[in-house]
Amino acid sequence: MGEPTYRYFRVTTPREYVAHVEINRPEKANAFIEPMWHELKVVFDRLSDDPSVRAIVFSGAGDKSFSAGLDLQNASAEGSKFNPRPEDKLDAGRQAFKTRKWALEFQHCVSSIERCEKPVICVMHGMCIGLTVDIVTCTDLRICTTDSVFSVKEVDVAITSDVGTLARLPKVVGSYAWVKDVCLTGRNFDAEEALRVGFVTQVLPTKAEAVQKALETADSIAAKSPLAVQGTKNCLDWCRDHDVASGLRYMAVWNGGAINTQDVPLAMKSILTKGGNPRFEKL
Amino acid sequence: MGEPTYRYFRVTTPREYVAHVEINRPEKANAFIEPMWHELKVVFDRLSDDPSVRAIVFSGAGDKSFSAGLDLQNASAEGSKFNPRPEDKLDAGRQAFKTRKWALEFQHCVSSIERCEKPVICVMHGMCIGLTVDIVTCTDLRICTTDSVFSVKEVDVAITSDVGTLARLPKVVGSYAWVKDVCLTGRNFDAEEALRVGFVTQVLPTKAEAVQKALETADSIAAKSPLAVQGTKNCLDWCRDHDVASGLRYMAVWNGGAINTQDVPLAMKSILTKGGNPRFEKL
Amino acid sequence: MGEPTYRYFRVTTPREYVAHVEINRPEKANAFIEPMWHELKVVFDRLSDDPSVRAIVFSGAGDKSFSAGLDLQNASAEGSKFNPRPEDKLDAGRQAFKTRKWALEFQHCVSSIERCEKPVICVMHGMCIGLTVDIVTCTDLRICTTDSVFSVKEVDVAITSDVGTLARLPKVVGSYAWVKDVCLTGRNFDAEEALRVGFVTQVLPTKAEAVQKALETADSIAAKSPLAVQGTKNCLDWCRDHDVASGLRYMAVWNGGAINTQDVPLAMKSILTKGGNPRFEKL
Amino acid sequence: MGEPTYRYFRVTTPREYVAHVEINRPEKANAFIEPMWHELKVVFDRLSDDPSVRAIVFSGAGDKSFSAGLDLQNASAEGSKFNPRPEDKLDAGRQAFKTRKWALEFQHCVSSIERCEKPVICVMHGMCIGLTVDIVTCTDLRICTTDSVFSVKEVDVAITSDVGTLARLPKVVGSYAWVKDVCLTGRNFDAEEALRVGFVTQVLPTKAEAVQKALETADSIAAKSPLAVQGTKNCLDWCRDHDVASGLRYMAVWNGGAINTQDVPLAMKSILTKGGNPRFEKL
Amino acid sequence: MGEPTYRYFRVTTPREYVAHVEINRPEKANAFIEPMWHELKVVFDRLSDDPSVRAIVFSGAGDKSFSAGLDLQNASAEGSKFNPRPEDKLDAGRQAFKTRKWALEFQHCVSSIERCEKPVICVMHGMCIGLTVDIVTCTDLRICTTDSVFSVKEVDVAITSDVGTLARLPKVVGSYAWVKDVCLTGRNFDAEEALRVGFVTQVLPTKAEAVQKALETADSIAAKSPLAVQGTKNCLDWCRDHDVASGLRYMAVWNGGAINTQDVPLAMKSILTKGGNPRFEKL
Amino acid sequence: MGEPTYRYFRVTTPREYVAHVEINRPEKANAFIEPMWHELKVVFDRLSDDPSVRAIVFSGAGDKSFSAGLDLQNASAEGSKFNPRPEDKLDAGRQAFKTRKWALEFQHCVSSIERCEKPVICVMHGMCIGLTVDIVTCTDLRICTTDSVFSVKEVDVAITSDVGTLARLPKVVGSYAWVKDVCLTGRNFDAEEALRVGFVTQVLPTKAEAVQKALETADSIAAKSPLAVQGTKNCLDWCRDHDVASGLRYMAVWNGGAINTQDVPLAMKSILTKGGNPRFEKL
């Protein structure tokens, strides 16, 4: 409720424990310019720490698009990072060093969604292009509208995508050949294909319905023990990146602490007595 | 064939080289209590070592369910692991240490199915809930009946699942968003969805037909060279947990020994002469 | 185009920047004998280094098959690697050492397709059996004809497949249960199943159409910045084998160098002005 | 020169390109309280980004000690993190979650020294106890005075050290048995032993001489190409955490960019003509 | 104290919380035959679980030797694992499979020392040959007598050592060249060299003095918080096998539970009041 | 004896099963130019495969130096890789791509020493500078003369060393602080320091004595079972790069094949009867 105001994002709390983050630059198809990814990090870092938030819905403002990705007009202006003036050009070695640091910082902003301790449910509609795919692969659940169009566009801008798509997509969907196909051709794929390959888990006719669905899911997650929900997100992300043995050992240590909570007998009793969701304390 | 008798499992050998393990507590929907996972380990350790067994079918006794998972009635009783009496409560640090050791032992029992050198074909029907999913993700092949209902239920019991689901599921099906969906919402999914995401490879109308199908598959596997079958299981599990280069090097060493067997020329000759399956010696 | 002539492969350049490699032993269903995998490596090493090649189509000559895999007639002849004469048999320890070295070399030849810096688009038709699957899992994109039949046949020849299938397949398709199914049973699967599990990304009615489709895809890829295309392949393969954090750091370093190219402003400008594909310089 | 002023640290630039950071709470033996590790991060993040800094000397103010580690008086006060009031105690599961987040943040502050792109040369004298060892294992070079006394003290405060010592010490010195000895017994070790096991690389009689030596080393490093110096730190830290093959591939990509600098022919020419250190541009 | 009696080991509890395990086959220089490594596992599994044991001293009975390693007389007898009768020889592929399983079981027995949750302090004297080195690299602290003679002897018995030395030695001492030297030449090294390279941490004149020293160290460790001691062992072993980032994350989770114990304020208070070691409760 | 003749290396076989490789450009202090690392690979690939070679001594021709490293005169000539003519300069992105490929190839040549299946004993004298350290960290055993002078010189040539030193040195000696010291300062270190930190295992007064010592060690290794010697090298290198659990599993598979050799009972019998080294068959 006392959410701060942001320039490029609108953050509301439509329901108890549920935050809604909207990319809010609809006049530019929610395309991204540099201050936006810095603000994105501020938004998600804050929600990660706020005990009154247990689940987050993430969508794009306006009817047109979730996001058109990098704002090319802005990125290609003379004097920008991607098109430096001749007189600003550094020694190639120094330029490489500086570009790397800039890319690491860019990644760090985008990855704030993955580092956020609360589940993030992404609702996509319209264009979801280029940088957008980097961003949404950091979310936990993805649903979209029938009219969604996706593309891993970076290759068409002569860029090896480096803020997340190539690192996460091979671990996010089932077909590595499909990953290579969309990343090497930069071709569009639609909602139906996204569903078939497992990139999204649901397709809904309209944005309103998709947001409604996401809010319901968020609601249902927010009603569960926050210890179990956030533990599940944390452990799944750990296990994606470690072998099974290291996954099992980490989780045994996790539950050494986490399982010793009153939420467990409370939840068990509620199930056995069909008493409905108990009210779990804040975390 | 001289199989020992177990309290909670029925182990038979319906065909040469094929063992059939049934969870045998149908009066409680095959729900698990602690002695059961210890016995599970005894069963699979023994089958892993028995040279007269080459493939294993794993199902649940009774018409109702493969297994309802953890027996909540038992688990939530006062004085149990999940609901200790106030006077039994330890210092939180000591409790965490003890819980971790208990979880590691629990995992070690469940993982006996993965460690078993022989392929395990799982036949699921009815409810396959919570702990059941942890267990079946350790099997090699999974088929189910039309009426099967699955859920990664732990989150609803306020638990971060730690005996296998979170460690293995991201490596077992294609869509990481789907994994997060079912693990974070605890929602049911049915046979058709399980098939679509690749959690099971086949759906059959009835339990009888599913068991029949599993036995046929087991039979066909058991007729092959046990060296090749068990090598294939071993190497696939290694490769899941290592990068491609480490996978290739391990397998070159494996075949340094394994390929130098009479089974190879025997099998080649049989194929070239269309002579049917040769009889391979025990391993 | 000055391509050298090979014994078992035909290499042509049907379009600018696009090479077409055909397995060329149709009289034996393109089955492989030892000199062929050595030549395969020569072919792909050369294409990897040739700046006038930017994308590669890989198919099998003749109407019958992409490839029947290992030439069993040849492999099972007395005195062969798989069927040594009694008098040639070494001490089992020495034999294991020698077999391992031979397998590593075999793997090194097959993996030349993966090491090739250019995307390889594989067109399969007819039989794609055994060793063929090891080989095609090294390619980047896979399409096939309706009549294709696949099988991971090694288990039926009493062999634990070790030149790539077991190392790569668990990382290439979504369902680990499906991987175990086809590897442990050696059963056939058809084009439709291959498409459903994500092993191939497209199925076309005839070989001519499939090759045509592959050439078009190759063409479209070859028209893009070769820096971006080859960077995307390189980074995707790195990320498959490393955790997300190591993937992100590697790619930030990659783009430290790669992004500082005139291709980027050139491509951006072309997109903004809808100017069509710009002509990118050789790499 | 225009360095900001800090509360617990003194930051000066005694020579061109060399910063000197002093822990500045000598009245408490430079012992750490929570605001100090947050400020530590601010200091090193800033130096990491400042192009006018190329090497950093890190020491403790006062004659008595580098640092006595965690300020136990403060840490054990009732109501502190380590000794909460009974009425503040949370559910053990919630407490574990909160403690973990706090520990991750604590680690993130301490690790800022490792993340700093510039080499950090640590000068230790007097007591270097407990948390101090966690901190100094993040530095690049370590030298100390004859009177230094070290100990991995956490075990004596009933704590499993978790902000760096246990993670880094096994990778920092040669003898794993020695690591376990000092970590399990919490015993003191002196400068001579620290030198023998490789924990420090040099021992000097007095703090003044040690700081002098460190400044000279910093000076000599600061005179070299900053691209080569910071690349060397970055790549060594990467290689410590990856296998040799992944280390080699990362470094080839690194030098793809980094080596293409005028610093290289400049340095070569200078060596061949014995022209002394050339002046390298800022990075 | 109620310890069971073993055939090849003597287990006593010379002091409160301290167990002493002696290899007890002095008439054969404590050389190992197969039943001994199975019993070794029984001994250490039991001590790992016994809350009245907090530190373990491990030595060899008799004046002559810690252990001569594998009992070659026994191992080379006709019909043994290493020298099968011609008529018992299996197909080389089957033999390789069986040998691997046997080696894994052998390793599992030896590694019980590493898996033991309590620190193990090893006291070596006289001959410490071959298999002995595999075993002692699993212990946490190693001290020896002046007359100790070590060798990684397997290479002289034509064996690639596989029960631990080659896996652990490169992570246990500082010089990889030294590791290769002693493993490839099988040469003897003495106490002084063992100390210099960091294989042992202390050398004492006689066995009596060395055992006395080990008991004192065990005593001092046993007087500390068992939560902190066993946490330190556990985390150090984890960190040896993982990168720094994974080490830090694991330890933050560990302390989520472990640090919330009364031992911490108790220990802090005791240090601040110089009150000597407090009495910590059992774990 | 039938060794081929090389341009920059002299290869002899001073004793049965022992090859001696000398860097043979003494008039230039054995400094390296590009054709030399290509030839180095040819030399070691050939020795790796030659069954009549079981151990290799590697030294530098002439009295002056093992090697002065990269030939700076040659490397800095206008038009060279390190100092391209302005008109040859590529787009920075393209240049980075090309440099990376060149570095990978350079590494592949140098790493041929590590890939060589036979142990390589390195004898260093005089200057061992820059690239030399990259090369010698690939050898298995290192000894040197009293007059040896080492330095990781790359940083002084403005280069982040990338052909092996930074990847291997942190895993080769005990003190990571020492590694950073010599890599960041580029300072010289002498034989005595190299011995103390474990970079070399022995120091001898003269080159003649050092070569003599190396030949004796090579001789002693060559007299052992080649299966055990080469298995030991292979497994140690594997274990350096994998965790302990993966090391143990790999070695169990290794010995599945390797231990089933007549060399084992032969060696055991010889030891028990003190019969001296048996004659082992070629591998």
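Points to keep in mind about this one:
The chains carry the letters A, B, C, D, E and F, assigned in the order they are written, with residues numbered from 1 in each.
In this text, a contact is a pair of C-beta atoms (placed from the backbone, for glycine too) under 8 Å apart; a residue touches a chain by one contact, two chains touch by 3 or more.
This is a predicted model, so every value here is computed, not measured.
Between the contact lists of chain C and chain E, the overlap consists of A, B, D, F. A turn of 120° superposes the CA atoms of chain D on those of chain E, with the angle given to the nearest 5. The pair with more inter-chain C-beta contacts, choosing from A-F and A-B, is A-B.
Between chain A and chain D, the centres computed from C-alpha atoms are 34 Å apart.
Look at where the CA atoms of chain B average out and do the same for chain F: the two points lie 47 Å apart.
Contacts with at least two other chains are made by residues 92, 95-100, 171, 173-175, 197-198, 227, 231, 240, 242, 245, 249, 253-254, 256-261, 263-264 of chain E.
Residues 72-73, 75-76, 82-83, 92, 95-97, 99-100, 103-104, 107, 111, 114, 154-164, 166-171, 173-181, 183-186, 197-198, 240-242 of chain F are the ones touching chain D in the complex. Residues 91-101, 117, 227, 230-231, 256-264, 281, 283 of chain C are the ones touching chain F in the complex. Residue ranges on chain A touching chain E, taken from their complex, read 238, 242, 246, 249-250, 253-254, 256-258, 260. Residues 92, 95-96, 245 of chain F are the ones touching chain A in the complex.
Put simply, chain A touches chain B in their complex at residues 119, 140-142, 171-175, 197-201, 217, 220-221, 224-225, 227-229, 231-236, 239-240, 243-245, 247-249, 251-261, 263-269, 271-272, 280.
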